[in-house]
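Below is one structure. I have some questions about it.
We just call them A, B and C in the order they show up, numbering each chain from 1.
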Amino acid sequence: MLFKIAWRNIWRNRTRSLVVIASVAVGLFAGMFMMAFFQGAVKQEIDSTVETQLSHMQFHNPAFIDDKDANYTIYNGGAIIDILKKDTKVKAVSGRVITTGMISSSSTAAGVEIHGIIPGDEKAVSSISQDIVEGTYFTGLKKNEIVIGKKLAEKLAVKLHNKIVLTFQSKSGDLTAGSFRIAGIFRSRNSTFDETTVFTQFGDLAGLLGTGNEVHEIAVMLKDGKNAEQVTKMYKKEYPLLLVQTWKELSPQIALLTGVMDQMMYIIMGIILLALMFGIINTMLMAVLERQREFGMLMAIGMNKPRVFFMILLESVMLTCAGIPAGMLLTIGTVGYLAKNGIDLSSISQALSQFGFSNIIYPDLEQSMFIPVILMTAFTAILSAIYPAIKALRFKPAEAIHKI
Amino acid sequence: MWRSRRRTLITISSIFFAVIFAILMRVAVVGLFEKLIGDTVSLTSGYIQVHHSGYWENRSVDSTFEDNPKLTAILNREKEVTAWTPRLESFALASSGNRTKGIMVTGIDPEKENSVSNLSKKIIAGRYLTGNDKGIILAQGLAAYLKLKLNDTVVLIGQGYQGNMASGKYPITGIAKLGIPEMNKGMAWLPMAAARDFLSTGARYTSISILINNQDNLDALKQSIVNQTKREGYEVMTWKQMIPELDQLFQAKMVQNEIMSGVLYLVIAFGIFGTILMMLNERLHEFGILIAIGMKKGILAGVVVMEMVLMSVVGVVLGAVCIYPLVLYYNIHPIKLTGDMGKSTELYNIEPVIQMSVNISNFIIQGYVVLLIAIVLSLYAIFKIHKIKVIEAINS
Amino acid sequence: MKTIQHILLTGSALVIISSFAFAQNAKEIVTKAEDNIKGLSSVTEMTILIKRPTWSRSMSMKGWTKGEQYSMIVVTAPAKDAGTVFLKRVKEIWNWLPNIERVVKLPPSMMSQSWMGTDLTNDDLVKASSRIDDYSHKIVGDSVIEGRKCWKIEMIPLPAAAVVWSKVNMWIDQKDYLELRLEFFDEDNKLVNVMQGSDIRTMGGHVMPVKLEMIPVQKKGQETVITYNSATFNQPISVDFFTTQNMKKAK
């Protein structure tokens, strides 16, 4: 019975009902969109660093981290790479030979970290190959090609095809040098990386270092980045003597950034829900005041207080139930579109576009988010109805009727 | 307006809360980032730095400038400058036994340095420096790499001023922990006198780093210093020029924040709209009668809009004023982050807190926006009023 | 017809052979000049003057060398730096710093740093490349330097050579095979460094330029001048002289 009355009440004042439904829908949309946006933003941050430098997982000889001596190679590195390549969770593997040394041009010199890579493997693991601004990644046709960052090229005053000399300590401790030609220049988001990291071909570097087929670093990209911890754990057990790390362990700063964002997100969600709550309370309050006469009459003809209370609550519930699907539709539509096309931040902010990098965020909605957000919104909406409902009960039937 | 006090109160309150939320959100995010930047920048470049022309490009010890009382007087006079510290920085090799590492060694005035970067709070072993010390502070990662502890001796060698060889050995007076791993593995601090001795520079500095209170005045302050020090051969740079990556990160975050604020405004707008709609509906009867007895619709609309504007202004001002003390409190006692979050922030450079910005501009901006929203929505009232059919209205 | 062909053939053959001969000659000349310096063991006293646009500094040093692979230099003046020793053993560089009483081995990252504040780098002293083996040589002309007739030899680094220059011009005196001038060019054919020898005298029984200037052409007002004050050659010095222990005793 209450149900029918509540239903009819809703239809009687369509404007009011519509406003409440819309508020709930917008509230839900806001919550969802925010989460999706946040996830997208965080993902973008992580992805760019993971894709250019960290990868999902890396292997090292534990001694190598502190002192990048050529001798600290990964025991049986080749075999490990083969095993990794066969792992179904693994998307790509790249074994690298690494040393620190000096790069010199005719005008000056600088300290750098030199990576010897196999272009085919490395391309699948690191996105630097896509950040080439001049020249090519590696043709593989010539010996002693080198790819350096734009900032470094500027510092050394060199251009494409210029010659530079790399000097470093070989495995036996002797000072070794080799001349290389610049085959390509890259530019990543991290100009410090550009200034201090150079890439050569595995064979060329290993030859000068005297390390043969041994590797210092194995970088792994997984098919699903979220498995990183799980997969790493497995390999840690398998190779207790090696240092196996996830990208989070390799770069605590990035991990921190995401952690901070998570907490901020909850706080902001909270604020949005509060805003929603007040909006609804006000609307409902207005509505209740407006219906003073109606409530007075109902109470006069015998409806008891609890019934009135529940009737109002029921109306809220029904409106919320209508609002939620509307909100969901809005969300799925918007986020669906944006997830494909992304939101280009640099077109919004002048200050940002000056850096020359496109800054696109793809909102990312996780299914697991749906239920919690829906529940929170529904809860808030219904909670908002309580205060006005209580207010309604205070009406004295006689006064109310007089308002006619 | 005063006729239905309850109604007025409700409308005002919806705006009141809207302002509060908008302000809270903005203030929390801005505060967080300002602190992040502050912590990074205070130990390295400073918000603004004065150095010799060309120094930032090649960081050579030869690009130093003399101690200049005129300059320090200018800096002391500037109200915007909260603190400043002179530094003498150079690349050097730190060595102990067979281990050698390239590091950045900085000669500091311990008190002034502390006022800008809070270095003394980062000491985890031993003690902070005094001006007369002959000892050195090593960053924790560096000490670990060189396998050195308190009171051990570390050797520094490098290129000094004008080609002089720089060499010296120093007992470790303190060990400091920095959040950023690269910094933690490669920095050391000496008292200014010892550093000058090491580099044979005499009374010269590589930079003066400046702390400011209000980020918004960054460029204005820089320009002011530039104007006052023309022709002295100095270069004045802001942190945005010195560390553009950090600025890029900051801008990106700000844009993201704008988008999220936008979403919040949407929710707020609906809340206010709902209230307005209800109010109009409720007063339909009243409006009908007014029109019937001769009030022109235009004037009625005008009156209604005026009411709304008035209520909006009251709501906004009240909201801003009420929330300010809360924000101020949290600015001085920032919310502590607990658990995992707390631990991971300690890894990073920052204290585990969420700082709220007390910058008035945040309040004003939010105030305006909400006011604007309220006013735009009230225009709907005009529209509605024009559509009133008098008879229907009276009968409602 | 046949005669003309014959002449042409012989002519071209001669040209080829003689250019071949010339090329050989260029390399031989350079080898001789380098051997002049390499084979020696020497004890020298020198003054190094560092000139810059706004300041200049002078140091006095005493040095022992054995070939190109071993050398030890101790600073004798000014008092602040006196007693600092620089030791080169094949490809390693060591420093002895008396005021901190430490022997330090220079890591590769310090190789690009200037040697003792001069326009030479540590790397230059270690000289990872060989002027004979890493270049192809060609005589391109004659010049007169310091009143002596010199060959001008153009040296182009071989493709695999670890050399930053695109071309090095060397002037070698035709009488005593002294390297009197070197010009270093980058890949845009811009002159970057010049090494000039002058004031040729006989010292310790050998003819040598007593003054050597190292001029980084692109940096105005900058140069390093090494002046030899005395030199004795081919005194027997054993390889065991060049040790880190000996550094502390060097005088």
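The criterion applied here is as follows: contacts are C-beta pairs under 8 Å (C-beta built on N, C-alpha and C of every residue); 3 or more make two chains touch, one makes a residue touch a chain.
Since the structure is predicted, the reported quantities are computational estimates derived from the model, not experimental observations.
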>> Can you tell me, using the touch rule above, whether these chains form a line, ring, star, complete graph or other shape?
In response: complete
> Which chain's centre, taken as the mean of its Cα atoms, is farthest from the centre of chain B?
Replying inline: C
>> Using mean CA coordinates as chain centres, what's the gap between chain A and chain C in Å?
In response: 57
>> Based only on mean CA positions, could you tell me how far chain A sits from chain B in angstrom?
In response: 24
>> Show the residues in chain C shared as contacts by 2 or more other chains, in ascending order.
In response: 107, 109
> Tell me, which residues of chain B touch at least two other chains?
Replying inline: 102
>> Two or more other chains touching the same residue: where does that happen in chain A?
In response: 111
> Which of the residues in chain A end up touching chain C in this complex?
Replying inline: 100-102, 104-111, 143-144, 158, 162-169, 174-179
>> So in the complex, the part of chain C that touches chain B is made up of which residues?
In response: 50, 52, 55, 57, 80-81, 84, 95, 97, 99-102, 104-105, 107, 109-110, 113-114, 116-118
> For the complex, which residues does chain B have touching chain C?
Replying inline: 93, 95, 98, 100, 102, 155, 157, 159-160, 162-165, 167-169, 200
>> If we count contacts the way the header does, which residues on chain C are in touch with chain A in the complex?
In response: 91-92, 107-109, 111-112, 121, 123, 126, 128-129, 157, 160-166, 184-187, 192, 218
>> List the residues on chain A that touch chain B in their complex, please.
In response: 13, 15-16, 19-20, 22-23, 26-27, 30, 33-34, 37-38, 41, 66-67, 111, 189-192, 252-253, 255-256, 259-260, 262-264, 267-268, 271-272, 274-276, 278-280, 282-283, 285-287, 289-290, 343, 345, 348-349, 351-352, 355, 357, 359, 361
